[in-house]
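In what comes next, chain A is part of two complexes: it sits with chain B in the first one and with chain C in the second one.
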Partner chain A sequence: MAKLLRQRLLQLVLVILGLSSLVFFLVRISGDPASAIAGADADPETLAAIRSNLGLNEPVLVQYVRFLGDLLVLDFGDSYQYRSDAMALVLDRFPASALLTIIAMLIAVGLGVPAGVLGAVHRDGLLGRAVNGLAILGQSVPNFVLGLVLIMIFAVSLGWLPSFGGDGAMSLILPAVTLAAFICARQMRLVQAYTLEELSKGYVRTANSLGYSTRRIRYRHILRNVTVPMLSLVGLELGQFIAGSVVIESVFSWPGLGRLMVESVTARDYPVLQAGVFVIGVLVVLINFIVDLLYQVVDPRLKAQLVTR
Partner chain B sequence: MAGADAVPLLEVEGLDVTFDTLGGPVHAVRGADWSVRQGETLVVLGESGSGKSVSLHAVAGLLPANGHTAGRVRFQGRDVLGLRGAQLRRFCAENYGMVFQDPMSSLDPSFTVGDQIAEILRVHRGASAKDAWQRAMDLLSVVRIDDPARRAKQYPHELSGGMRQRVMIAMAIALDPPLFLADEPTTALDTSVRGAVLETMIELRDRLSMGVVLITHDIGVAAAVADRVAVMYAGRVVEYGTAEQVLHQPGHPYTAALLGSLPRLRRLRSTLTAIPGAPPNAARLPAGCSFHPRCRFATDRCAEELPVLQLSGAGQVAACHWTERLSADGDLGYWRAGGDPLVDARPGDAEQPFVAVENLVKEYPLGSGRKGRVLRAVDDVSFTIPKGTTLGLVGESGSGKSTTAMIMSGLLAPTSGRVVIGGVDIARLSGKAMRDVRRDLQVVFQDPYSSMDPRMTIGQIVDEPLLVHKRGSKAQRRGRVTELLDLVGLDGDYAGRFPHQLSGGQAQRVAIARALALEPALMVLDEPVAALDLSIQAQILNLLRDLQARLGLTYLFIGHDLAAVAYISDRVAVMSSGKIVELDRVDAIYQRPAAAYTRQLLDAVLDPETDLGRYRDRPTTRKEASCVPSAPVTP
Partner chain C sequence: MSPKTEVLGRFRALKVSALVGVVALLATACGSSNGDKKAEADSSPGAAGANIVVGVGAINPDLDAFSATSPPRSFYAYPVWSLLTRVDTLGEGAKVVPGVAESWTRVNDLTWQFVLRKDLKFANGEPVDAAAVVYSTKFMLDPKNEASIRGKLGIIKQVEAVDDNTIRFTMSAPEAILPRLLGAMPIVPPKEHARVGAKAFNVKPIGTGAFMVEKFVPGKELVLVPNPNSGQGKALPASITFKAIPEDAARVAALRAGDVDIITKVPIDGIKPLESGAFTLYDAVEPRTYVVDLFTDSGPLTDVRVRRAIAQSLDLDALVQGVMGGKGQVGQGQLAPSFMSGYCKDVTRYPYDLAAANKLMAEAGVSGLKLKFQTSQGFILNDTLLAQAIGEMVNKLDAVESVEIAPMEFSNYLDVYYNRTERADFFAWGMSSSPFVDASVQLERLVSGYPQHNIGYSNPKYDEWFGKLRSAEEGTPERQQAFCELSKIYKEDVPSVAVMTMPDVWASSDKIRGFKVDQAGNPAWELITKVTG
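So, the complex of A and B:
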């Protein structure tokens, strides 16, 4: 247990260092923040003043060392755009993304897992084909298209739901459903594949020979064994989307981290980008760590390994 | 044992099982008849594809959705095949206790074994969590698992194979079923635990007055436990009678042929009488008697007319036109062990060794390895093999025999020690030098299919080593491939086929042909017959013996079946926990085993002639007094 923790801490440090360095250099070769701040037709003196003000006129390596020093004390500086603390901005937007993702994930798991199991059990029947079709449809329709279609139907034509914004439960519904549809499709597919694999295993035959009901076999025995591979998928997606779904947040003008990051890229707002990447990195490593811990709970074989090491 | 007039517990009459497949219906079981009485053990004996497991699954309502049944199955006079859905599930759970081949996969890996036993009682008896758990522990001690309170809290992967199978047995008897159905219950177990598991089963049969149906391909197991034996071939019961009748006075040529192809310690030097060909595919059965293409007594009538079961002894029936004549002439007794079991054990100890393995050690780090804890898979192993002879390496799972084979084949580097082959230490070689040695050193693995590229033809597979080592022009190589296939008894036509079109025995022949392509001096044979049916196993063992005599090959033959290993070997090394506990000439090992472990292995070998009724007729003196709790099972 202590060893796993040590491993994960080391991993966290490496991931953060690598990611931050990558972003540091990438943004610096992508354009000039000074012109983004001052506008395209600003005179050279103003630009130079802004650069020296931001410390961008120094050699890149000097900037990098200073950046690493600030990283050590978690100081990301002020946003160029908003003139306020970059990390505060990021943390301010983060809950909106997290809320959206968690709601979407709950919808996706709640629908995708039973649908996947049913799809596997009735593989050759109507239900199996329906699950298959939906899974392919869900994965192949780009989510901005689905988002726009949903806006057209429920916001524009029917007027039941707001089409954008981040206030209240009503405005959460459309983006959450759009994101859920995407995640759900993948989960159905995977749960179906895993379940099919489990169905042919010996313990299912044993359960049948013991006269257990099909419901007990499916949702107690098979599902428990399917949970193990499912966990890693859910973990990965949580990490990916909790940090903001760029496309969906933009389509629905959802005030989340993803949209903030897109805006910061356009504005060359280095400090916000760095802070955002830092938060995302920490999150992904943290969620993977939690998934690892959950593995031990769900899979007794891994628990045994953990105790021995 | 029940009297002969007892009413059958389970009666199977004219059972037909058909599977709908993409290639049309496949008739897997064709009119099987058998029955079992209370307190009696019926063994259904057959090779893979004989329909033995399918008929058991049909009886137990476990057929997949594409399986259809016809005929009659009656349990205590009640029709079973007519039951459907929840009714069928309930009926089977209450009346049958089932045990399957692989106890690891048959248990749910995510629940403790105690939970899995308790679940049965909670579902079917509505027991409280506490009562169910208590009863689970009682059941574990009934099946002779020590310290049930601790074991009940463990998961299947934490138990040994034998213990897992005992857990399966505990689950099977949890509801006190009148009938116990076991599908190859000891096939996945080591021979040393096999006997104890069989003993437990028979003991429970007597205590709970159950009837037992045991499905197996292993004649020794059949002989040791059966009251009655039904022999199945190509979906039909071809012979049926008491164990003494069927296994000592077979009335069907197939039963006699099976007995003849069984390697036995009592007749190591007489050549096995292998059955030619392979069991037929259920979708394309030959006309007349299904066995006639492989039968040494077949006549024209056999190819035209399907024989029905007819009386050949008191209560013994056989489906053969010629049973009466063959029995009268004594033609079906050729398999019996006769005379001196071991005559011409070849010497060879004095000769210059071709292979010398010295102080071989292979260690694997345990856990993180930083604390220096290691597993010694191979622990100071030394042996020599004189040129042109066979050393048999026998051991159970985890004994280190396969690791030794891997090192010998140059596929794994030892931690320390030397492997000298023809004067060169291959443990220290790499790159080009290793490739040169490889030519002289070929390996045949247990599973022929997984050791061949499924997308290459047999011709390409056998040709590949020739191509890689640049042996001759294309035309020359093609000639050589035909020659090699001929050497292993395959027609040249096979060159155009793909591995999946071959039977297991044919595929193993191809693997041997490929190994022979570069004219090696040494062959490492890692369990080459373990995955094959008995009749095919004998063919391959005979082929290997024949090739050795013709080509002067040196063999290292790895196996877990002492009789099969002894059959092909000049000397045998017995391995246990990474060490060689005994190494001697075959006759010495057999006649004067020195190590206790060797004696244990020898004792575990089941011979149909001498071990008939070994676990069936248990001496009543070693009754279960000691380790059985006061009132675990309601009689």
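So, the complex of A and C:
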């Protein structure tokens, strides 16, 4: 366990250093933030003053060394747009994205996994076809279209839910369902495929011949084996969506991290981009670590491997 | 099918926003709109004193009026800040009216004197006096303070207080419309501004506008309430809440759901669902001319015949009808739209004539042209569609082999504007004269060596007439003559094609009264009321 922790810590440092350096140089190649800050009417002297105020007149390597020094104390500087602490801005937006993703993931896993198992078991029946159809529909309808359709039905026509915003539980329902629909469809497809593979394995035949109930075979043995690859998928998706469900956040005016990051790319707001990438990097490594721990819970073989390592 | 219909049909098919129609159909199938029941619940009884909720595309990170000359920045900032003068663009003509200053006189070509109102105080008790104007002007002129209005007002060389209520501005060159330009000059309470610093002040500014800031969450929400120290009379609403709803279709849906009372920037495809039902549409026009710059310093466009041929190949009526649903004003061969000071009746646009355009190209001896068109993407209404349609029209010329459309992200696009990265043959730009609503602001961009955006155009005759324009007083025949001469040269030389004046469509629930958008694109928030029942 201690070794795993050490490995993950080292991985975290390397990932953060690599990512931060990459973002540092990429954003500087993309162009000059002074024009994005000043807009179209500023005179050349004002543009020069903006560059000087932001320290952008210094050689890139000098800026990089200063950036690495600041990174050690987690100081990313002030946002060029908001003129306030970049990390505070990122952390202010982070909970909204995290909440949306976690609720969406709970809905998606809660519906997608049982539906996938049922779809596999009844693959030739009506239920199996329905699961297949829903999975294809969920993956092929772009989420901004689904979002707008849900707004028109539940906010405009029925008036049950607010059409936008991030105030209160009611405003969470539509964006969470929209985001969940896409994740759920993918979960259904994959669980169905993994379950079909498991169904053909010897241990299922053995269990059947020993007279175990169908329910026990499906949900105790097959589902447990399916859970290992599913954990990896859930881990990846968690990181990806917390980092930014940009489309959903735009359609529902959800005040999350994704929108902030896109605005920052457009405005060449280097400090916010660097702080955002840092938080996302830490998050992804952390989620991977948790997934590693969960592997051991669901698969005793992995626990044994780790102990003997 | 005519070529025109074919072209328009092709780019119409590209409209992703047609989805809005599908969505609207689905909604209709599910039942009728619930109108504004939620907005109704929010409103106070009676016509005035209501809480108005406005859905806008974006809320800026701050309310800095020193960098807020055009909407949407100006329509958040101007109702709060003190401005030295105001350009009254609600009525006919855009007249300069008193703001903090009640009168002004031109002492000589380079000197103006302003007398301030004596009855004004900032909300924190500081007087609105000559010292405040001197402080604010010096702050604006210092490049370190990053005030983008310095681009227009940098001509001020010196500012001095003659007495407590009189200010004298000395300029480095004549500028006959200084009082109009000072309509963008914010006056701040010096002690408070110096105490908290510009950064903090810009988040909760103190002014003498009709409103003051009650709550501001940068990028998300802004709540304005009436300012008891207003220098412009009492505002009628109890509050105005701006909410950021970046997606166009979602903004329309929010109005239909009754979650907001007013929305800005109604997308062209969102107009139809609002035409029926409990909504009012406002067909405003921005003082923003959509122009296609033709870079004249290198390549095939150096030949004026090629530029004229391009101007004649564009069917502007079809563009406005096809891409903008008929909203906006078709360009008239000059940069100023018909409502703006500086419009010249004698100048008309080149007629759409493909045969004449082909003849001009043949005379110029060009063929097999491969042209590139740089456009913004999502910055100007329907910008990519406009560029595609224009590209298709130019492509109909015999001498043109292809027109490549290059949509750009905003910051990259600005780099081209500032001549910092490689520019192509065409560059589309929304040229705004807000908040001044005077054609000189747009015409200045074609003066030789204009620093911000130099398209390579230079004509000494043009520069000479622009010099005369700067010296000629507002409303005089000399000034109108200078405007007309500049527009004639513009038409003759075709450094750009003025395609259209951009539409600015707003919508509200039918409970809203007194909503008006001025010619600078700023609503008069203080006049809005809402009825119940």
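The criterion applied here is as follows: the second predicted complex is superposed on the first by the 309 of 309 C-alpha atoms of A that agree within 3 Å, B and C clash if a C-alpha of one lies under 4 Å from a C-alpha of the other, contacts with A are read in each partner's own complex, and residues count from 1 in each chain.
FYI, a residue touches a chain if its C-beta (ideal position, glycine included) is under 8 Å from a C-beta of that chain, and two chains touch if they have at least 3 such contacts.
Values in this document were obtained by computation on a predicted structure and should not be read as measured data.
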Checklist entry - On chain A, which partner's contacts cover more residues, chain B's or chain C's? => result C
Item to check | Which of chain B and chain C A:R66 touches, first, second, both or neither | outcome: neither
Checklist entry - Should A:R129 be classified as contacting the first partner (chain B), the second (chain C), both, or neither? => result neither
Checklist entry - Touch check for A:Q81: first (chain B), second (chain C), both, or neither? => result second
Next on the checklist: Looking at A:R6 after the superposition, I want to know if it touches chain B, chain C, both of them or none. Which is it: first, second, both, neither?
Outcome noted: neither
Item to check | Partner chain in contact with A:A267 - chain B first, chain C second, else both or neither | outcome: second
Next on the checklist: With touch defined as at the start, can you tell me which chain C residues reach chain A in the complex?
Outcome noted: 19-20, 23-24, 26-28, 30-34, 37-38, 55, 61-62, 67, 69, 143-152, 154, 199, 202, 218-220, 243-247, 249-250, 253-254, 256-259, 409-412, 414-415, 417-418, 420-421, 451-453
Checklist entry - Quick one: in the complex, what on chain A touches chain C? => result 30-33, 35-50, 52-53, 79, 81-84, 144-145, 147-149, 151-153, 155-159, 162-165, 250-253, 255, 259-260, 263, 265-268
Item to check | chain A-facing residues of chain B, complex | outcome: 60-62, 86, 89-94, 96, 98, 100, 102, 104-112, 120, 123-124, 155, 157-158, 168, 171, 366-368
Checklist entry - Inside the complex, what are the residues of chain A that reach chain B? => result 3, 201-203, 205-213, 216, 221, 224-225, 298-301, 304, 308-309
